[in-house]
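In what comes next, chain A is part of two complexes: it sits with chain B in the first one and with chain C in the second one.
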Partner chain A sequence: MAQCTLKPDIDFTRKLTLAGGDSLKKCYQCATCAVACPLAPANAPYPRKEMVWASWGLKDKLTSDVDIWLCHNCGNCSDLCPRGANPADVMSAARNVVYQDLTAPKCVGSLMSKPSGLPILFGIPAILWFIVWWIRSLYNDGNWFPVRPDGHIVFGDIFYGDYTIDPIFMLTFFGALFILCRGAYKLWQSFKPDGAVAVIGEKGCWLCHLWHVLVDEVIFATRFDDCHDGPKTGKVTQTRRVGHTVLVWAFVTLAFVTAVVALGHWGGKIFPIIEITTPLHPMHLVKIIANVGALMLVVGLILLTIRRIAENSETHKSNYYDWYLLGIIWAVALTGIFSQVFRLAEAVGPAFLVYYLHLVFVWMLFAYLPWSKLGHLFYRTVALLYVRMYGRKG
Partner chain B sequence: MAEKIGVYFDLANIGGGLDVQNLADEATKKWGDLIAVTKLVPELANAVSEIADDIAKEKLDGVLLCGASPRIDTELYRFPVQVDYVNLREQCVLSYKNPDGSPYIVADTAPKELQELALDYVQMGVAKLQKSNVPDSAAITTTPRILVIGGGWTGLTAAKEAASMGYEVILVEKKGELGGAVVNMPVVSPLGPMWDKKEESNLKFKIQAVTQDPKVTVYLNAVMEKLEGQPGEYVAHIATSEGTKTEAVGTVILATGWVPLDAKYLEPMGLGRSPKVVTAAEFGKMLVSGATIPARVAFVLDTTMAENAWKEKAEALAKEAEEAKPEEAGEATEAPFVKADLESMKHLQYSNAVNSVGMLRLANTVCEKTNDRSQAYILYKNMTVPGILERFYKKMQDRLGVMMTKADVTDIREVGDHMVVSCQNTLLGCDFDLDVDLVVLPTGLVPTTAKEVTVQFGYRQGPEFPDLELFDGFADSNYICFPYETRRTGVYAAGCVRQPLTLDACEVDAKGAVLKAVQCLEAAGHGVAVHPRALDNSYPVFNFVRCTQCKRCTEECPFGALDDDEKGTPKPNPARCRRCGTCFGACPERVISFANYNIDQIGSMIRQVRVPADFKKEGPRILILACENDAYPALDMAGMRRRTWSPFCRVIPVRCLGSVNAIWISDAMSKGFDGVMLLGCKYGDDYQCHFVKGSEICNRRMQNIAETLDRLGVQPERVEQLEVAIDEYDKVPDLIDGFVTRIVALGPNPFKGM
Partner chain C sequence: MSNAILVVGGGFSGLTAAIEAAELGHDVYIVEKSPWLGGRVAQLNKYFPKLCPPSCGLEIQFQRIRKNPRIHCLTMANVIGVNGSKGNYTVRVRLEPRHTPPHNVDFTFLASTLEGEVASEFDLGLSKRKALYKAMPFAYPARYVLDTTTLSKADNARIAGKASLDPSEEAREIELSVGAIVVATGWKPYDVTNLSNLGAGSVKNCISNMQLERLASPFGPTQGKIVRPTDGRTPHSVAFVQCAGSRDQNHLNYCSYICCMATLKHCLYFAEQHPTTQITVFYIDLRAPGRYVNVLEKVQALPNVHFIKGKVANVTQSDGDCCCIQAEDAIRGEKLTLNYDMVVLATGMQPTLATEKCPIPVAVDADGFIAGGEEAGIFACGCAVMPLDVTRSAQSGTAAALKAVQTVKGR
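And then the complex of A and B:
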């Protein structure tokens, strides 16, 4: 093996401990974790090596490690660790550090890493949408809470889709997508070892592999079952499959209705036949689907939140990144539902206020996605695709 | 001499269809008036008061209990007269198999061979008791004072402990101040619960406690000049700056500690070549002196580099020595004593555990003192943390800057303003170079006994502990079974002179050694032995009339118990003696005996066995002399687990194979035995012999015995010494049967029937 000069970095280790890996120094390299892991293949085990890299502060090794993404955080390793080093938490911390540093502007990553960054992160969309609200109120004769003559509330009267919501969100969405792609590309490059790699396993085109990854991960989430069926740890581990799947499908559903509405709205300008005008009638099929999606979102959130709270805090700690993501989704879901409720109840003040908050949170969800735990949607997919391309199953 | 014996048969423990009444009748017929009482009791344990009554009423002076092994329920049968046992259970009925090798299915009537085996054992038992006496007392008036040599951590603990037990203490320290190595260690590894924190050594309090104790006399700048006498009444000559002081002491605790391994051994790792390479001891001193702590410190526990370099050097030296082999010197008589320097690279390896703990402590301190700005790398081959100090390990490693990996350190070199440490086979998944500002190497703890004569015994066998090279200079003799024991009864080693130890272990060691020293002191006062024959009140008695001053006993005694006068007449020191009988095994004139264990006694037992003249029809007869410490219990255990062996064997327990006198083998051969098997402990460098040298000496004597047998026209193969460990009960039956097969192949003893 090549002789390299090691650059141990205590600051990187410190960063990991702050990102949720505060137990990493307890590891004594027995490799129980690598044996316990139900996902780690026998010929490429983890997370033993990640633990020692973490301890030595080997940033390059850890951030270019594909295995941290393959971990689905079941916590078997933590349950079985004889030293209480909680490898699952350390793996999670390693991912958090990647979210933080992978893509520019890194100041966002830094703000995303701690609760003290929240006011600024919240403040940006809050001001943005406040300005929109203010400008639009001028169009309504200075009325900040316009009501139609029939008493109905139309959010579009203030947050007019064509000129406000759509351009801002499209810009946000595609901007985030661009940053994510850049991050994914960087990650992919860093996974690649120096020199050539001989692929031993099944070969195939990357699209086939991507399809398989999506089937396994998104459609059926079978990985969680592998996690759940891991070694007996003597502790009850609740499966995350149901909660996670429901949540994912809720997002898919909501993305679908958003797409339908967008298509109906913009497409309707060209083909009037498919035109959809909001607000939709509560019995409109698309609205029904949207509400089912919202309900699924809440169910998934409840399941996942209960699981996190019920988790044994000795061996599994939920870190700030976990709670941020759950929190922001909760905020999006609740403000979304309540803005509809208030709208239908014709409570004009609360309706606009909550809808305003809804926009703020949705913007936060999308704009900060590359630096949040939701980034795993992309980065884990990239990692899974990468290992499949190199003949591994995961 | 027992003259009125009561023989009791424990029916509950015999069984096997034996005709016990017949055994009793045969014994009475043979011994006549000697046997005053014969009883078959349903259960011996319930007959204790009955036996006591018989002793009083019939004025018995010996009791022979036939039933279970003598190792069972011994505490039940403590009578005011001599008690002996006949093992009819484990080594007779339970281990019996038919002569053709088939298993014995218990019948109402025992087969002839089993009945005969039992009868032989009963007759042997009576003979043994008949030839056994109650020993006279060897009690001496003892000096209730304990000499502690060495005033370091262990010595101070021992002195305080002994004083608190009510004994006077003489503490001898070589240097001008107390404290030893701990003087330079204000902060040390844990000394007590919770075993996870660095602690202040608080040495000054420990010293105060000793110096202020009125029972303790401290001699500073003092070394031992001579120790003579025996436990309980030793006389210590102490060389001090004010001349020689003479003190009467009872027993001795050796706590002379260690000296650091010579720097030359670590030179291959850069020590002495660069100021950026230091030993752990030196680094500890640096920390104490408040020197600036570098940003990157490598603690290198893997010393393979130095080991390999020294191995090569040693090979080259050995080759040189081979070539320049000196002329074979003539048989030198009484070569003057020269202390061999036993310091070697091995001491570094033995010190790995102490260094592991020490380096964890130092690495943690580095990070603590710099508030985690410095990084401390620990590169280990074996991170060895003894026992509960695992808790310390956990705590010490849990510090951001402590970075550890198993690694083969292959090179340490100076590059520019820093050092580069090259590592292979690491846990990090790659071989790497590490840039550091300081390299800390482990300290080798070399026991003082490897370098110098610490006690200066005024013994006939010389001033030093024998065979120290077996332990690479550590003052030890039976590492596993008898800690603190040295080869000199009454002198107990504790602390790093015995084994490299952490300070908490040194304290435990000191206390353990004090208990041993006290036990020995009291035992001498009662005239009884210390381990392994604890409380045995017999001792060797010399019939000097026939002594030829050959000095074999003096030389062979594993414990140097015997001194001699100018003419060579042995001078016994009963309190030094551990009652193994090696002296009488050695004596060609058979002038040495114990009251209850002697040449004549075993000889008589051998002669009690009926040896059939017809080898073909009635089988051979094999005598097994089994060491009572390991071999005999192994046979018992084999019996208990229904392992069987040839019914032609007769087992006699002996105190140690060292006590086997050649005359017993002649006795057996002339009686017509076809083979003699000596079953004893493992010997050699990793001996398991309770008396250290017994089985080895026996093995050496085997050569002479073979020559004697050859002269007599008996095949020397008829006598074999076999080794067995106490846990090898499953192997010992095969060992016996193998020997029997070899004897059967040899045919009958030519002396049979003569």
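And then the complex of A and C:
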């Protein structure tokens, strides 16, 4: 047998422990978890091997492991785990460590990993939008809370789209997208084993595979139901399919509305026929769709939050990354809804303040996306695409 | 003040404690809740260390009891109250009615004519017993029991007027004065219905290790032939599921100590009866303490016994009343889905006091094992204290007897 020397990385194990995997040392490698997981393939199943890598501190193995992304965190393994080692939490912690370290600037990942980083993360957009507010107030004769002569509030009077919101958010959005793509590429490279991979059987084109991934994951979220096909645990596991799907579709709806408004606004400068001016009338079709999207967002959030709170905390612990993401989406949804409510109620002070907070939270959601749990949107898709290209269903 | 000793439980450790104390000159009361002495050992086909049948060791114990007038056996008896303190206990015991005469009457023929049947507790549900029954040929006391709730209408007519049977006998309560108490309440097999991922007892031909002992026992439901309970066929492939409920915080949060050795013993049963049967043992760790490693080596050398490291975490029914199991071979890193003619769950030991109330004032730990009580003149032994094999149970019985004797000596 070939000799090999393991080089345990104790710091890495400590990092995993802090990222939500504090139970990993309890594992005694009984391999119950690999059977408990209905998603794990027969060949090289997970998460037992990840558990031993985690406790041995084999950083390279774990961070380049495609399987940590295939786990959908149903918690069957933790329910059946005889030692309370909670493999599902350790898998989640491994993903968190990847969020933290995958892409530069890594200082953001470090700030995103703990609550003490929040003031700085909040402070950056808070100062940014405050400067915008201050500069724009000078254009309104020093008035920080301008009201139209007819009593209406127009947020564009302060946060003017063309020169403030649009360029800043476009820069943020495409910047984040660039960082995400770089991270996804890095992940893809790390998934590849040394040497060549022989694929037996028919190979599909990557676009077809991507389409199937999106159908299974986004449109129907069927993997969540597959999660429940494992051995009987004797415990009730609440489904996440409804909450997650509603939330995803709320985001799709809101992204669609944003795109329509942006197209109407910028395109309207060239083709006046499609011009859209904000604020939209409450009965405008686009506005109605937007409000339906906001409602879906709240419904999805309520379902997912209730599930997290109701979960057995002994075997399904929610970590900081989980709560940060839920928290930031809650903040975006509530400030968005209330800025509209205050605007229509013509409560000028609260309206501008809440809208300002809304901009801060939306910026946080997008700018820090590559280091937040929302990164799974990209990274999990990449992992699913990777395994499908090599003949696995994921 | 009394220098008598009460022993609660008539299993191997309780019997040992009782005999040792009586042979040192003390009056001893054995309170046993079942109709016969012998406990779990009586249910086994063979037991360690020498792999002799239970009649072998128990026969000697029964002889010693029979010859010793100081030992008073109370069967079908339960302790219902304890008053007093160290050296001076008053114990109330409830004696359930046996409905049969105190002397040995052979009811074999009458029993065979009865029609009412119920699942046999002694055979762990693998057979039916009549209303009038004796669980084992060497039972002590060698008396039948009449279970009036199992009698059918015709049975009632049949036994009516039999002078030797008294269906109207009622439970009695007696009081005993003792100076010390030995608690030997023992263990029971862990309830498989709790193991939801291992079929929860509903998968056919998936039996527990104690049920396999009954199948292998010459006075068991199949007269000692190890066959599938559903069709009586010889199993060609058998899987043993180790740690079924043991070392598991959701079930028994400790190693039950005996299940590895029990499985190795069962492999020897198969090698003797069906040498061509393919056996696979799925384990996390194999524990063969002390000299038992010889048995492990002997079984590992058997050509048809295979060991796979990885716990079985899913048992379901498959075609032909076979059992489908899933486990990860943790050495090869491969998830296996395999069919077996028969699956044996190596269930562990749960102390009786984990689920049953005991009026004796003694502390139990989180798992139900007795912890302490010695300062009050109450001494625990056998598997009521920790999982033990028969040898060590006997040793702990002797130890408890010596402590009890010293408590009452000179009073």
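Criterion: the second predicted complex is superposed on the first by the 387 of 394 C-alpha atoms of A that agree within 3 Å, B and C clash if a C-alpha of one lies under 4 Å from a C-alpha of the other, contacts with A are read in each partner's own complex, and residues count from 1 in each chain.
In this text, contacts are C-beta pairs under 8 Å (C-beta built on N, C-alpha and C of every residue); 3 or more make two chains touch, one makes a residue touch a chain.
Everything numeric here is computed off the predicted structure, so don't read it as measured data.
After superposition onto chain A, partners chain B and chain C are found to clash with each other. When both complexes are overlaid on chain A, the residue A:28 reaches chain B and chain C alike. Once chain A of one complex is fitted onto chain A of the other, the partner contacts of A:44 are limited to chain C, with no touch recorded for chain B.
Touch criterion met: A:83 reaches chain B and chain C at once. When the shared chain is aligned, chain B comes close enough to touch A:55, but chain C does not. Look at A:233: by the touch rule set out above, it reaches chain C but stays clear of chain B. Once the two complexes are overlaid on the shared chain, A:36 sits against chain C while remaining clear of chain B.
Residue contacts after overlaying the shared chain place A:268 against neither chain B nor chain C. Clashing C-alpha atoms with chain C appear in just one stretch of chain B from the list 147-155, 273-281 or 723-731: 723-731. In the three-chain superposition model, chain A touches both chain B and chain C at residues 28-29, 48-49, 83.
Residues of chain B touching chain A in their complex: 372-373, 375, 377, 383, 393-394, 397-406, 422, 427-435.
Every residue of chain A that touches chain B in the complex is listed here, in rising order: 1-6, 8, 10, 13-14, 17, 25-26, 28-29, 48-49, 52-53, 55-58, 61, 83. Interface residues of chain A facing chain C in the complex, by the touch rule stated above, are 28-36, 40-45, 48-49, 80, 82-84, 230-234. Of all residues in chain C, only 194, 196-197, 200, 243, 247-251, 284, 309-314, 326-330, 333-337 touch chain A in the complex they form.
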